[in-house]
Amino acid sequence: MNSIIGYDPVGAWEYASDTLEELLEHHNPAGISWININALDSDTVNALAVKYHIHPLTVEDILDTNQRPKTEEFDDYFFIVLKAIHRENEEFDYEQISIVLTEDTVITFQQKTGDNFGGIRKRILNNAGKIRRASSDYLAYVLMDAVVDDYFTVLDLVSDRIEMMEDRASDDTDDTFMTDIQDIKLTLLHLRRCIWPLRESLTKMIHSGSPLIHDELSPFLHDLHDNVIQAAETVDSHRELLTGVIEMNLSAISNRTNKVMKVLTIISTIFIPLTFIVGVYGMNFTNMPELSSPYGYPLTWGAMALIAIGMLFFFKRRRWI
Amino acid sequence: MNSIIGYDPVGAWEYASDTLEELLEHHNPAGISWININALDSDTVNALAVKYHIHPLTVEDILDTNQRPKTEEFDDYFFIVLKAIHRENEEFDYEQISIVLTEDTVITFQQKTGDNFGGIRKRILNNAGKIRRASSDYLAYVLMDAVVDDYFTVLDLVSDRIEMMEDRASDDTDDTFMTDIQDIKLTLLHLRRCIWPLRESLTKMIHSGSPLIHDELSPFLHDLHDNVIQAAETVDSHRELLTGVIEMNLSAISNRTNKVMKVLTIISTIFIPLTFIVGVYGMNFTNMPELSSPYGYPLTWGAMALIAIGMLFFFKRRRWI
Amino acid sequence: MNSIIGYDPVGAWEYASDTLEELLEHHNPAGISWININALDSDTVNALAVKYHIHPLTVEDILDTNQRPKTEEFDDYFFIVLKAIHRENEEFDYEQISIVLTEDTVITFQQKTGDNFGGIRKRILNNAGKIRRASSDYLAYVLMDAVVDDYFTVLDLVSDRIEMMEDRASDDTDDTFMTDIQDIKLTLLHLRRCIWPLRESLTKMIHSGSPLIHDELSPFLHDLHDNVIQAAETVDSHRELLTGVIEMNLSAISNRTNKVMKVLTIISTIFIPLTFIVGVYGMNFTNMPELSSPYGYPLTWGAMALIAIGMLFFFKRRRWI
Amino acid sequence: MNSIIGYDPVGAWEYASDTLEELLEHHNPAGISWININALDSDTVNALAVKYHIHPLTVEDILDTNQRPKTEEFDDYFFIVLKAIHRENEEFDYEQISIVLTEDTVITFQQKTGDNFGGIRKRILNNAGKIRRASSDYLAYVLMDAVVDDYFTVLDLVSDRIEMMEDRASDDTDDTFMTDIQDIKLTLLHLRRCIWPLRESLTKMIHSGSPLIHDELSPFLHDLHDNVIQAAETVDSHRELLTGVIEMNLSAISNRTNKVMKVLTIISTIFIPLTFIVGVYGMNFTNMPELSSPYGYPLTWGAMALIAIGMLFFFKRRRWI
Amino acid sequence: MNSIIGYDPVGAWEYASDTLEELLEHHNPAGISWININALDSDTVNALAVKYHIHPLTVEDILDTNQRPKTEEFDDYFFIVLKAIHRENEEFDYEQISIVLTEDTVITFQQKTGDNFGGIRKRILNNAGKIRRASSDYLAYVLMDAVVDDYFTVLDLVSDRIEMMEDRASDDTDDTFMTDIQDIKLTLLHLRRCIWPLRESLTKMIHSGSPLIHDELSPFLHDLHDNVIQAAETVDSHRELLTGVIEMNLSAISNRTNKVMKVLTIISTIFIPLTFIVGVYGMNFTNMPELSSPYGYPLTWGAMALIAIGMLFFFKRRRWI
């Protein structure tokens, strides 16, 4: 359900409705209004576009959910595209958030239904933090900050998974291991493409010189910029660690193959010559003097024991056993 | 067949002919003309060059179909080289598109016969979209946009193929696997070389300050620039995923070899000692007391069973079985 | 325990207390004061923030110990975040150090209890070096320099470990090898993220033009900048060497497997044909003329000797033995 | 043999001689002269240097054939160093070409004897193209263009070789394969070092603002710059493809080893248990009831057939056969 | 032993002594003096620092032999740090060279005893080259040039070693191979860290605008800059070739293992079934009709020959033999 929150330093109210007209009636003429649109439909977006003079290209970008994160300055408004990531059980859920920032209104477009910004809503209604005393750009900052914070939650989860993969790397021999690695790699690629363009977006906002972005916001944007860089660097570290896990796995498989080979070689190398010897005295030649000798049998055992012991010494010297 | 489309806000017509003179007779003196040349021949290009004062180097670039995508500003016109990619069944087909943009005319040169811009033609004739109301640079933008859109179609197909390779990575043992990987890699390299220089081209167009590129086009070019960057990033992601697929395959082969080795080692290690024992009592020494003992045969069986069970325990402990 | 050191060219004193009020009473009104806060608690930080007009975002950064190293210029003060690394036995211990630099006061916030700056304290109290004669920015430089020096100590230790890994690379077959490699890789990633942003921080300080950073400090900051670059390059070299160690290990395992295989193949290839031959003359056919021939047995031995010698020649020619 | 070509819009002549004095007598006082020096000797270069006021460092660079490609602007002349590559049968031949460009003279120094610029000579003498109507910088451009064109010939040949290696990658087991790969890699490294610095050289020429480089040349230099970038990118693509070929080969070897292992394992695993069984009934115990049973022999065969079929089923299920 | 050389266009003398005072007495008041200090000791450096107004940080940098190559401009002098590399038998010897350049004096500090600059000394004393006619900055250039020339000598040696490794890559099976590779890699890393920062140093000198660096030196510094870039690129090429050598080696080991496996498999696969057959007719069942048949023995041989031939055909078809 779409909603509008009107607020100013002295008060704040929320009104939820599926009809855009009803929402707009609750617009705050004196203070700031935050309109939140859930689950994009093109009629609502177009109606808002007409009301707030939004450029047709912006409308197109809001409705096309395959946008790269970006920031665009227009005559009357700032347009910000973000990619939010939520964790749903063991899966990640990507969602495009578009923000249109004007002097007295912030419009957020969420691709999917769901309450991304519940915490911020509560802070406004309960007058926690400084949102109610600040201008509309501060609300936009708080919204972006919430999205970036989610990246760290997701990165922590990815970090846990990489550690699990590290543990499996030396044991696992089934093919799901590499599929899981590829899954994590894909997640990191997605994260990278969500996070990386944000650096540029924020730099653009900081240096825009637009009257919509007040000077007081500058340290906050710098701070957010630092966080984004940290997130981007964490993604890169995770990718390197993942490479390390693959190497661990390759090395572990090679080691295991080597050990299996050794067992086979030790057993074969000891018994193959002995089997040959017993084969010799299993031959049916009429003229085999050893066979009738009373010491033939024990001497054969002795020779075989010597061979076996010799082989074991050989393997010992090579440190195979 | 070459064609000319003349249009202005009030009307549009199309005329197709193989003779350049006939085409040029249908030139729209008041509005904008779009001349489309199929399957380059040097006579036509030279004749157009004379008529539209095109620089000899541009003519050379149009006729040489190994150009890199680029944008060049000349006194009277803008020259844009693009690489279009079409999907033909399971193959990709590359084609060079050259665009000469003047104040009132857009000339497109297609390397091969085929209708790349059928959709745009229809939009002009049916007055869909804003092409007919805009200046010639907007037509050039729409043409470039159509080419870039095709990149995403191709990238989606490549994405499907990579997923198929991922599935094959753990099963496949024939050498066509790596050949297919190399094919996809080659496609991605081609795509990269088509897409990457476009970024620079668009930046050049945005900042050219040429009177041919009107201010109203700027947000559209920025949007196209974003799309191109997204395409370039998708190519890079695909390359990384492909590397992952190769690693999956190497790991899968190693794993399989390891399993084959284990089976061989288990069977050999159990039976080689037993075969030795039965070999011993197959010897023909006259003096072998065990042979005549009534418990000799069953005791031998017992000893062999013990050895086999011992081996199985050993493998169990090593988690081989 | 928190402490304050007041100093000027003629004298210096130190006072330690857990109560902030007591510390601030010992503030040096004429010269420079250095306040050191151990083991961050938010009350102390907030009280100091009020007293020294520290921006709420700076307070947040001081208390959040997951900051990237950075430098920020505010109206009244410079804010510097560093990551210190100590060696604790065989482990590394990371700690965030925040420095607030004003005209007459330097406040250091250490994340953990412990005496990071004991040497500097002594130099001030004993008037060693030029700290007492210099302005507050020089103390900040000395503190940063001490942190950077620790990086080299840690890098030397990492270098020793890589060398140890090199020695193990050709021997080791257990899976702890790759785990240790991954550990070192993780340490290097951490170090990189501590060191890399410092370059930017220092460049920012050098070019800040702030009255807090005096011209005399410039060569010292340049010098520190050079050290930081050297540390960053050493981290990169270490990473490359580590890659080399992994390759050494993979190559060593492959070599070992190859050798094991050779032993197995030599033994098997010599004895399998011989075992076949002795098997032939162990058959019980009634009609085997060789069996009753007086030369059958010695000729069989001769043939087997020839086969064995032939095989050995074959292996010799292939350089297997 | 060294040569001089004098030309102007109305005529052109060529004179070849080994004596520098004779050549210089044929200098074209009104138009442009092109002096070509084959197989560098220091006397000739020094004599020319005196005559044309060439800086000692330029002389040194001309004589030292290990120069990087570069462009240097001096008071009176432009100095350009290029690396030409020719194909000699299956080998590549590298040669340094130095060009000294003055207002009315172009001097080319070729490291080796040979006719690099035969085509250009003919175009001048036959007045083909616009060289005779252009200033001296255009001749320098045409010479550079000829050298760059050769890069594409060489790159095509390298491309063919990589394709051949691709075909060999899945078959070949001898060590010449990797030696050939390394050869191609070396060629690509050489090419890269010939081509890469040319970008910078051309940018320098374009932006030099020197009166020697006329405005009319600018589109030609831009065009050449595009070609050089394309050559550089082709080198990079080739390197990536080569990496792919190495991976194909590694994968092919692993696959082959895996198949060899399977054959060995299938044969061994079927026959080793059977050989054990026949060994059992080859034992000479007096008390073996099975031996005298009339069904012993056929039952044994039956049991062995069952074991063999069971094994085959097991392999079938594992998709080994 | 430390030394001083005084020179001007008309004359030159050298004086060697361990006492700094004696050296300074031979200072050339009219021309240029070159003071060379061998084997750093802090007293000498400090004494010189006082005499020539050298900044304490410079003194520290001279004495700390772990400096990165760099160039620093001070009020009165230029300070240059270089890393010289000498070849000592099969080892490389690294040494830090610091140069202090003033208007009329060049001071060189060599970390170790040894005659790095013997050739330059002779050229001054014998008035070879233009050193005696040039200003002090030219001497500094000549010294730097000598150090850079040594890099190429070392790089040639490394190149030879890489070629040797290439030859060993396909033969060698002992673990010293990878240790040697790692050694070369380490050398290249060291070289890179010596060479890379020199680019920046030279750019800084070229653009310094300091009165100590005269305009006439500019082409010489540009030339040196080109040489340094060439050295840096050679280092990078060598690193790539080394990677190629490692790949050659891995491929060679895999190939060898594959061949060993094939021999084992061929021999086993042929003889294991035959051994089974002879085992069958070695059984002691009373009821084996084949045994008493007169054709049993020859038919068995025939069957075994057929099996062996069949196997050989199978291997032939698979191209194993």
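The letters A, B, C, D and E name the chains in turn, as written, and every chain counts its residues from 1.
What we mean here is this: a contact is a pair of C-beta atoms (placed from the backbone, for glycine too) under 8 Å apart; a residue touches a chain by one contact, two chains touch by 3 or more.
Quick caveat: nothing in here was measured; it's all calculated off a predicted structure.
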**Message:** If I drop chain B from the contact graph, what connected components are left?
**Reply:** one piece
**Request:** Starting from the mean Cα coordinates of chain A and chain D, work out the distance between those two points in Å.
**Result:** 40
**Asked** How big is the gap, in whole Å, between where the Cα atoms of chain C centre and where those of chain E centre?
**Response** 25
**Request:** Among the residues of chain E, pick out those that touch two or more other chains and give their numbers.
**Result:** 250, 254, 257, 261, 264, 268, 272, 275, 279, 282-284, 288
**Request:** Please report the chains around the ring in sequence, anchored at chain A, with chain B in second place.
**Result:** A, B, D, E, C
**Request:** Report the residues of chain A in contact with chain C in the complex, numbered from low to high.
**Result:** 166, 169-170, 219-220, 222-223, 226, 229-230, 233, 237, 240-241, 244-245, 247-248, 250-252, 254-255, 257-259, 261-262, 264-265, 268-269, 272-273, 275-276, 279-280, 282-288, 320
**Asked** Can you list the chain C residues touching chain A in their complex?
**Response** 55, 57, 60-61, 66-68, 70, 72, 173-175, 177-179, 181-182, 185-186, 189, 193, 246, 249-250, 253-254, 256-257, 260-261, 263-264, 267-268, 271-272, 274-275, 278-279, 281-284, 288, 290-294, 296-297, 300
